[in-house]
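This is the structure, below, for whatever I ask next.
Order of writing sets the labels: A, B and C. Residues in every chain begin at 1.
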Amino acid sequence: MLTIENLKVFHGPIEAVHGISLTVGKGKCVSLLGPNGAGKTSTISAICGVASCTGTIRLENVDLSTKQIEARVRSGISVSPEGRRVFSNLSVEENLILGGAIRSDLTEVKKDVSKWFDTFPILGERSKQPAGTLSGGEQQMLAIARALMSKPKILLLDEPSLGLAPMIVGQIFAMIKTLKAEGMTILLVEQNAHQALQLSDYAYILNNGQVHAEGTSEILGNSDSLMAELTGIT
Amino acid sequence: MEYAAQQTMNALAFGAEYALLALGLAIVFSIMGLVNFAHGEVIAVGGYTMVAFAALVTANPLIIILGAVGACIIASLALERVAFRPVRYADATTGLLTAFGVSMVLQNLFLLLVSPRPIAVTSLYFLDWPMEIFGIRVSSLQVFESVSTVVVIMALMMFLRRTTLGLAMRAASLDFEMVRLMGIKANRVFAMAFMISGLLAGLACIFIMARRGSVDPHLGFNPVLKAFVACVVGGFGSLPGAVLGGFLLGAVEVGMLVLLPQEYGGMKDAFVFGIIGLVLVWRPDGILSPTQEKGDKL
Amino acid sequence: MTLSRSQKRGLVGATLLAFVLIAVGIAASWFGSRYQLRFVYGVYVNLLVVLGLQVFMGNARMTNLSHSAFMGIGAYVAAICVTPVAMKSISLPDAPWGLNAFELPPIISAIIAVVITGVLAFLLGLLIVRMTATGATIASLAILVIVHSIFLFRTDIFKGNQAFFGIPQVFSLTSIVVLSVIVVIGARIFRESRWGIQLRATADDEIGAAAMGVNVFHVRLIAWVLSGVLLAVAGIAYAFYLGTISARPFYFNHVFLTLAMLILGGMRTVTGAVLGTFLISFGLEVVRWLETGPTLIGISLPEVLGLSGITLGAVIVLTMAFRPLGIMGDREIEDFILKK
């Protein structure tokens, strides 16, 4: 579904990612792991079109590199970004409606919004509240739901567990698991390697802007040295 | 009693006009951080269009009004496309200075291409006649102004709450990049903001022209200054703040007119600014200033 | 006192600029007609203003629109102090607080003007330096309008738009050339001083600079007050040459003229300030000559002719669009001569 070849990402004059390649198959969940500063978020930014980069980015064989941010979203990319970035001055409901902005049928969009309220009653309870008043975990749920409103082909999740209490993290990952079960293609960026590996079919370990290792979750999970490196626990 | 009611009407009408003007500034500022000092020149464009229409096309006041409002919208959109797009993502200083530069260019273009002298606009005099409401004599123009401002504000509120683009505009004032990540084209958001700004300018233009009866190259200076002050008081970037600031400014101005003894009449502006200054000392960011997000909520 | 590398370069640069200023001054006094002499004087007054602007705006990267107001305050205070009683009894018959009953020597008047403007700048600065860049700009605009209104409406003190005349004309071209050399050197010293460098750090990254121990408000306030003082000096130089002042020059037109000068030259450097001032001043003269309209003294921007206004506006817009850092960008004059 998503193919990236020789991606180099730049922040101004600084090269943050030094030519990585990765693939996300349709319906698969692929993790991008690694310590802070490895280049994970830079990769996501490059896919979205926010950061400047060189290399090839192809979504279902459509070359994205010439497209602006908005066009990439219309091509089927959707992101729950690092820090969630919900629109804090808009209500929960309004956030979700904006998520479906590229769809033409407003009534269908509103139906989907109601569906999300059924699936996550807490969002429904807070539907008229400004999104900025939600807790971190609720905002993360909102960010993911909002990203899905556009009915994307691939969902990019950037550090969904960041800053959340362990119990909430569990809920978020349960949500992601459900999405995967429903056939959503997911690219997951995480520092929480353990939980991410449990979910994913395949993983890439990034370090210093390069792919350090890659493989299926079993292989990576069974490699004690890798896990120690990732989790810092020997 | 009648006097008090008349002055209240006065304050309302002035406040309405300032609110319209301030909203025009605030809408653009809330989205791109640009203080559009060329807003006054957009109004002047409307005025000159009225002159042109009256002389060349028709004397039909309705068409003249529509033409003026249309011209303001087109002028506003043109400014965005030509002058402000290159500095769209630049810092606030760059945008502000560009707006000033544009304002100067336009003012002098009017001077050069049309005339340095005021030109009469008589087509709108019919809007101004004495009326009686509940037995109190007021000017019809004031009634029109107040009513249409309220209508416009309500329409704007509905737009910003009920339409996707409106939601996008509100979101854009906080996180423009994220709005783009929803697939909403940046160009559309900006164009809509300037279009609304132009519409508000056009409406204000009608009332200014109806009252003044003439247009000159520096017409835009005073309105934009009032709009600016209203926005500062209400909280720059906040739309409700702009409205509040506008009505407050109108109230203070009329209040000064009423309360100051005759000899000090010329000092009215100084007193108005003094009161504004006090408001700013109490609330340096304006009364309803939008909360500045200073960090990440993680 | 050992100087850092950039400070040594700064001295070289300041000296070079000083030569330029002196050379232009000499050329004008030798070859210039009376009108041209006045014009060049005006250029140097604007130079002082632009330098004052550069000290704060160029180093702190916060747009300031109140500079013409401070210039006006300096000019009026000095004018009121120095004008002979005989003159004041005619021009300010209703002046309160006995303002028309005394006169002071020019130097004392100048000092008083500088002190009062400095104190005012300090008080206002306390509010301004805490604001965000946009907030500060808006506040500075408010200051401009408020000060102007006060000038216009306390006509018993300021005479509003009417000419406040009778100021003894104690300045000449020589005096202002000397003054501008001093100010150029001072501005350059400030830029490379500890405060100047700290201030520029806050402009690039406010939070980072604060994290490194820079007292952001402190350095901004220093620059703001210094700027106010320089602007007062400019106002005094203006008043002491022309002999008459009014409220009109200290308002929007002048704000834009000087702003355009700083922007075109490049606000980050003192060289930029000088370059921009000369370019626009002489450039505008050419434009006006092209218009062959009525000639005016070099200081007030003509309000009737359209072409110069269009040129000025276009300069601002085009510079902002294509070269926001101005012609000099980050470079000072010595960067052309010394190796990096």
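To be clear about the criterion, a residue touches a chain if its C-beta (ideal position, glycine included) is under 8 Å from a C-beta of that chain, and two chains touch if they have at least 3 such contacts.
For clarity, every value in this text was computed on a predicted model and none was experimentally measured.
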Just by CA atoms, which chain is the most central one? B
Distance-maximising chain from subunit B - centres being C-alpha averages: A
Just the number, please: Cα centre separation of subunit B and subunit C in whole Å. 32
Here the gap between subunit A and subunit B, centre to centre from mean Cα coordinates and rounded to Å, is 42
Between subunit C and subunit A, distance of the C-alpha-averaged centres to the nearest whole Å: 53
Which positions in subunit C are in touch with at least two other chains? none
Hey, which residues of subunit B end up touching subunit C in the complex? 33, 35, 83, 86-87, 90-94, 96-98, 100-109, 111-112, 116, 221, 225, 228-229, 232, 236, 266-267, 269-270, 273-274, 276-277, 280-281, 284-285, 292
For the complex, which residues does subunit C have touching subunit B? 61-63, 127, 130-135, 137-139, 141-142, 145-146, 149-150, 152-154, 252, 256, 259-260, 263, 304-310, 312-317, 320-322, 324
Report the residues of subunit B in contact with subunit A in the complex, numbered from low to high. 161, 164, 167-168, 170-171, 173-175, 177-186, 290, 293, 296-298
Which of the residues in subunit A end up touching subunit B in this complex? 48, 50, 68-70, 73-74, 79, 81, 83-85, 87-90, 94, 97-99, 101-102, 106, 132, 136, 139, 146, 150, 162-163
